[in-house]
Amino acid sequence: MLIAKVTGVVVASQKNKHLEGYRLLIVQPLDRDGKPTGDSMMAVDPAYAGYGETVLIIDEGNSARQVFNNPEIPVRTFVAGVIDRVDLE
Amino acid sequence: MLIAKVTGVVVASQKNKHLEGYRLLIVQPLDRDGKPTGDSMMAVDPAYAGYGETVLIIDEGNSARQVFNNPEIPVRTFVAGVIDRVDLE
Amino acid sequence: MLIAKVTGVVVASQKNKHLEGYRLLIVQPLDRDGKPTGDSMMAVDPAYAGYGETVLIIDEGNSARQVFNNPEIPVRTFVAGVIDRVDLE
Amino acid sequence: MLIAKVTGVVVASQKNKHLEGYRLLIVQPLDRDGKPTGDSMMAVDPAYAGYGETVLIIDEGNSARQVFNNPEIPVRTFVAGVIDRVDLE
Amino acid sequence: MLIAKVTGVVVASQKNKHLEGYRLLIVQPLDRDGKPTGDSMMAVDPAYAGYGETVLIIDEGNSARQVFNNPEIPVRTFVAGVIDRVDLE
């Protein structure tokens, strides 16, 4: 589970049938201070997050299959929420 | 499985329904000498750990589903205990 | 889930029987700007992607078993689509 | 699967009930020449390995649940054997 | 899935019973040009690969359980084939 910022949208007209109709985002992982860290990744977005929003990313296939309520969906990384703020110690 | 220190709390008002009611922490992985190593991560906390406490983190979805006793919960990383001390060789 | 470019084909005459008949590609992960990032990896290709094409890679075993409709196939990484373009913020 | 050396023991009085009674070790991954590589990690030890011993570590939850013969145990990393020696080419 | 070269054999007289009788190799991951990249890892070898051979490695537990036809085997990384050559673009 990690914090990331939405930075792009992927357009793929030819993809696996179970992925049809789903929005694919490019997200940039952030550290606890909100600074970019590591490489961007792709995530399926059932939460309709907008450009620049900070989101909660989960990277586990079985979790994805629960969230999409589809045991056949080939998804490992998805947006599980929109983050309001992070309170540091 | 890794050792980490609790350094922050994530506030996310809009999230997957299975995550509602759960506390989301920011934790900083530590090396065996207790020094920070690598990037911070997010973890669900059923153990009610406090700021600055050293915790045992497990990062595996099926383990999470057992601990939360919920086969539908989309969680991969969670707090599995509070660490008292580490005895080195 | 990540974006990658097809850069090579692997020829393996002696392999696990469940992998017989499948095309094995070498793919180079790309960052959001289309630049190479990290090491190349191997992916099974049911999408018949060509050299130089930009593809959507999924790296999770259970997703692979759904896509190949074969609960016994030993595959973790595969091509799930061909990417047309990435719209950045 | 990796080779590691036992370098410490974790004392955690408050932990998930399925982990009660299990020994938690700190292990340092080694390269093929026996030199430390990467960060230390924690592993559950059903093999009763001693300080300084070289062990075989497996890092996969379903394997752990087989080895501990407990479908509910939240473990991903464990000691699967003690290594006598490595024969290099 | 990755390409690697066999560089060593692990001798472990005391190991989990499900691993008894299996050969454990040290393999060095290679990049697409055949140069070493990253750390060595251990892999179970049902393919009887020899020293110096280039092999196809799969690193996923459920795939391993299919290939070894044993739902209880604690294996995550194994040799799935021997690679003849890589054709680059």
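Letters A, B, C, D and E name the chains as they come in the text, with residue numbers starting at 1 for each one.
The rule is short, and it goes like this: contacts are C-beta pairs under 8 Å (C-beta built on N, C-alpha and C of every residue); 3 or more make two chains touch, one makes a residue touch a chain.
Just so we're clear, the structure is a prediction, and the values are computed from it rather than from any experiment.
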item: Steps in the shortest chain-to-chain touch route ending at chain C and beginning at chain B; value: 2
item: Shared interface partners, meaning chains that touch chain A and chain B; value: none
item: Centroid spacing, where centroids are CA-atom means, of chain A and chain E in whole angstrom; value: 32
item: For chain A paired with chain C, centre-to-centre distance based on mean C-alpha positions, whole Å; value: 20
item: Chain C residues counted as touching two or more neighbouring chains; value: 61-62
item: Chain order around the ring, beginning at chain C and proceeding next to chain E; value: C, E, D, B, A
item: Residue numbers on chain C that touch chain E, as the complex places them; value: 6-16, 18-19, 24, 26, 28, 39-44, 51-52, 61-62, 65, 71-77
item: Touching residues (chain side chain A, partner chain B) in the complex; value: 1-3, 29, 31-32, 37-38, 47, 56, 58-64, 66-67, 80-89
